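Each chain carries a letter (A, B and C) given by its place in the written order, and its residues are counted from 1.
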Amino acid sequence: MSDFLQYLISGLAVGCGFALLGSGLVTIHRVTRVVNFAQGMFAVVAGLTAGSLLSAGLPHGVAEVAAVLVAGATGLLVGIVAIGRRGTGPQSALIVTLGIGFLAYAGEILIWGEDPHSFAGLGGAVEIGGAHLQKQYFLVIGAAALGFTALGLFFTRSYLGKALGACASNPYAARAVGIDVTRMGLVAFTLGGMLGGVAGVLVTPLQSVSYHSDVLLITNGFAAAILGGLVRLGPALVGGLALGVAESMVAGYYEASYQSVVALALMLAVMVWRARRHTALYEEAT
Amino acid sequence: MNHPVREGEMKQVTLRPATATTPAPGPGLAARLRRPRVLAVLVVSVVALLLPQLLAGSDVAVYVTLLLSAIVVTGLSMLMGYAGQVSLGHAAFYLIGAYTAALSATHDIPTWLGLAAAPLTAAVIAALIGIPLLKLRGHQLAFATLAMQLILLNIVGQNEWAGGDIGLQGVPRLTVAGYEFASTSSYAYLALGALALVVLVARNVIASRPGRGLRALATSEVAAESAGVPVVAYKLAVFSLSAGFAGLAGGIYAFYTGYVAPGSFPVLLSFEFVVMAVIGGLGTIWGALVGAAAITLLLQQLNELGTAEGMPGYAPAVMSYAVYGVLLILVVLYLPRGLVPSAQGWWERRRAAKDGGGG
Amino acid sequence: MSLSPQGTAASADPLTAVIEVEDLVVRYGTATAVDQVSITVGAGEAVALVGPNGAGKSSLVDAVMGLLRPAAGSVRLHGRAALVPEGRQMFPDLDVEDNLRLGAWPLRSRGAAARDTSRVYEVLPDLAYIRRRKAGALSGGQQQMVAFGRALMADPDVLVVDELSLGLAPLITAALAEHLRELNTSRGLAVLLIEQNARLALDLCTRGYVLESGRIRTEGPSAQLADSAEVAAAYLGGAAEPSGAPDTEGDGE
C-alpha cells in the first residue's frame, strides 16, 4: 500500500510535467495548426537556465520565474521562424520546428555542455501512510494545478484568451473582425514556451535534463495532447497525469526500463483508436 | 543501353506532364531533351565506380556511409514525396536490417542469406506495423514512427538475445559464392551495387501506373481515393518498400562494421535521413542522392574542422547540429521543393528564357 | 458602359467617400478574379454590388477588408469598415455576448468601455434574449443578426455585408434587410451590400454596381439598374416584377 502511494504521487508529479508540455502543444496547435516539435526543448532550456541562475546565486522562485520567461521568449522566437513567413503550411512548420530543435541542441551544448544537469528543488520528505514522499512532488503537483487553473481562466475569462480561442475555432472570422491571426499565433507560441518552461523548472529537480532529453519530453507531451486530439486542454491534462502514473507503476512494480515503452505503446494505441473514428476527409478538412 | 533510355522517357512523362503531352516534333528534339539526363547518369556512374580506387583509406569509409545513407534516403524520399507520409523513425528499419544480418550471421547462417533476409525482414515488419500505423496522417504518423523506433531501441537494448546495450559483436565478413568482402572498398562496391538496385526499383515504381497514383496521393488522399487509387494498399506498399531499402542498407552496415548496437541507430539518425531527403528534394531520386551526399560530406568537413587542434571537445556536435538546423530551416522556408527540383526549375526557366530570346 | 455616365446626386464625392477602390486586380495564381474594378461608397450611402456566383464579389470584399493582398490597384478607407462575412462566420463555442465583444477587437486600445455590448442590444434587441447562448447553436437568421451586431461593435463608418440573404428564409431576410435600412437611413451608416439576389440589393440601396467575370459591367442608380432590360435579363430572372418581399434561393435555416 505504501509502495502504491509512493508510485502514485511520484507518477502524478511527473505526469504534471507531461500535462504542462501537452497543454503547450495544444495551445500552439489550436491557434496555428502547427505541431511544435521543439516543445520539449522549452522544458530543457528552462530547466537548465534555472539551474544556472540558482548556482549564480539567485534565490528560488526568482530563478524559476526568470527561467520560465526565458522559455517564453524562446517560444516567441520559434514561432517567428515557424509561422512568421507567409505561406508556411503546418506540415512544413513541423519540419521547421524539427530544425529549430537541432539549432537548440547546438546552443544548449555550447552553454551547458553535453552532460545532464539538475538542481535541488524543495528539500525534505514527508511520511504518509508509510510512504516516503519528497516534498518536491507536492510542490510540482501544486504548482501545476495553479498553472492549469490560470491557463483555464485565461482562455475562458480574458479577452485575449477568447481572441486566441476565436482564431482556433474560426480563423476567417477572426480575420474578419480584425484579429491578426499570425500575431495571435506568436502569442500562442510564447504561451506554449512558458508552459514548457514551467514543466522544465518543476521536473528538473526530479530527473536531470540534458540537451537530448527533449525527444522523450516531446513524445510524452504529444502522447498527453493527442488524447484531446491536440485541440482540447482537459484531456491533455488527464492524459499527462495518466501517462505519468502508468509509467511510475510500470517502473515500480515491473521494470524501470520498460516505462517509456508503456507510454509510447499507449500513445500509439490512442492514436490508432482515434484514427479509426475519423475519415481522411475529416483530417484534410481540419 | 536501350532499356535505361526508355526509362528516362517514362520518368519525364510522370514528372513533367506538360512537356509530355505536347507531341514531340521529331526524334531529334526528343534526343536533345534526353541527352543531359543520360549524360549526367553516365558521368555520375563512372565517377561513383572510380571513387573507391581514387580515394584515400579513411575517405572510402565516408564514401560507404554516404552510399548507405543514399539507399535509405531514396526510400524515405519516395515515401515522403510520393505517398506523402512523414517518417521520423526510419532508422528503425535500418536497425532491423542490421540486426537481422548480425543475428543470422552470429547463428551460423550463411552471410549471403543474412544479407538477403535483412531487407525482407524490414519490409515484412513494416508491412505488419504499417497496417495500423498508416491509418495515421501527417504529424500523427511522424510521432507514431518516432515512437515505434523508441520502442524498438528499448526492446533491443533490454534483451539478451540482441546483446542488450552492448549489441552484437563479431559479425563475420560477408561471403558470397566464396568471395569474402574484406576491404572497405569492397563494401563500397557492394553498397554501390545495392544503391543501383534501389534506384532502379524506385524508378520503376515511380514510372509505373501505381506510381502515378501515388503522386496523386501525396497531394490529396481524398482525391486519389475518389479517382479509384487503392490508397491503403499503395501506402502500405511504399512504406514496406522504403523499409526494405533501409533494411538492405542496414544489412550491409552490419557486415561492414562487424558489430551492431542500439547506440548506432539513434533517433537522431532518423532525423538525419529526413534532413537529407528534405534538403535534396522529396520525391526525386536525384534529390535523395544529392541530399545524402551533401549532408554526409558537409558533416565530414565539419567533423574535421571540429576535431582540429585547439577546438573544444563539444565543437563537432555543436557545429553539426547547428548546420542541420540552419539548413533544414532555410531549405523548408526558402526552397520548399528541395535543392534538386529548385535547381532544375531554375535551369529550365533559364533555358526557356534563352529560347524565348533566340526565337 | 455606365447607365449614367455623369453619376447622380447619390454618386459619391471623393471628399466624403468612405471606400475608394481604384483599378483593383485580384489574382489567384494565373486566374484573375477581379479585373481593374473601381468602386466608391460615399459617407452614409448605401451601395449594392450585385452579380452572379463567381463574379469575383467575395474577392473584392476580401480585398476591401484587407484580408487579401491585391495584385494591383488600391483600396482606400476613410474611416473604419466592418464586415458581415459570407456564411455568418460565428465563433461557435463562444456565446453571443463574447462573439459581439470580439467585434470590438480593433478598438481594444480604448479599453473595456469599447466592449460594452448594450449599444448593440439597443439596435438589435432580439440579441439581448439570446446573449448567453452559444453562437454555434443558433439558427441561421439569429447568427446573421449576431454577425451584424459583431460588426457594429467595431463602431464602423461603413458596414460591408457579404451575402445578406444566403441560406436564409425570405421572411428572415426581409427582417434583416429592414434592420440594415434602418441603420443606413436613421443612423447614417454607409453600407456596401454584396448580394446574389439583385432585386433585394437594389431595393435596399440607392446606387449599384453589376459585377460580372471580375469586371464592372454597369453601374448607376438602383432604379435605373432594376429597370434596365439588360440587368433584368441577366440577374433578375426575366421580366421585372414589382418589388416586394425579396425572394431568395436559400432554403431557410
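In the analysis below, a residue touches a chain if its C-beta (ideal position, glycine included) is under 8 Å from a C-beta of that chain, and two chains touch if they have at least 3 such contacts.
It should be emphasised that the depicted structure is a prediction, and the values quoted were computed from it without experimental measurement.
Visitor: Can you figure out the chain closest to the middle, judged by Cα centres?
Guide: A
Visitor: Looking at CA centres, what chain is most distant from chain A?
Guide: With centres defined by C-alpha atoms, farthest from chain A sits C.
Visitor: Distance-wise, how many Å sit between the C-alpha centres of chain A and chain C, to the nearest whole number?
Guide: From the centre of chain A to the centre of chain C is 44 Å.
Visitor: If you average the CA atoms of chain A and of chain B, how far apart do the two points sit, in angstrom?
Guide: 33
Visitor: If you average the Cα atoms of chain B and of chain C to get two centres, how far apart are those centres in Å?
Guide: Comparing mean C-alpha positions, chain C is 55 Å from chain B.
Visitor: Hunt down the residues of chain A that sit against at least two other chains at once, touch-wise.
Guide: In chain A, nothing touches at least two other chains.
Visitor: Of all residues in chain B, which touch chain A in the complex?
Guide: 86, 88, 132-133, 135-140, 142-144, 146-148, 150-151, 154-155, 157-158, 220-222, 225, 231, 267-268, 271, 274-275, 278, 314, 317-319, 321-322, 324-329, 332-333, 336
Visitor: If we count contacts the way the header does, which residues on chain A are in touch with chain B in the complex?
Guide: These residues of chain A touch chain B: 35, 81, 85, 88, 90-92, 94-96, 98-106, 109-110, 113-114, 212, 215-216, 219, 222, 226, 255, 257-258, 260-261, 264-265, 267-268, 271-272, 275-276, 280-281, 283-284.
Visitor: Using the touch definition up top, name the residues of chain A that touch chain C in the complex.
Guide: Per the touch definition, chain A meets chain C at residues 159, 162-163, 165-166, 169-170, 172-179.
Visitor: If we count contacts the way the header does, which residues on chain C are in touch with chain A in the complex?
Guide: 65, 67, 82-83, 85, 89-94, 98, 101-103, 105-106, 108, 115, 150-151, 154
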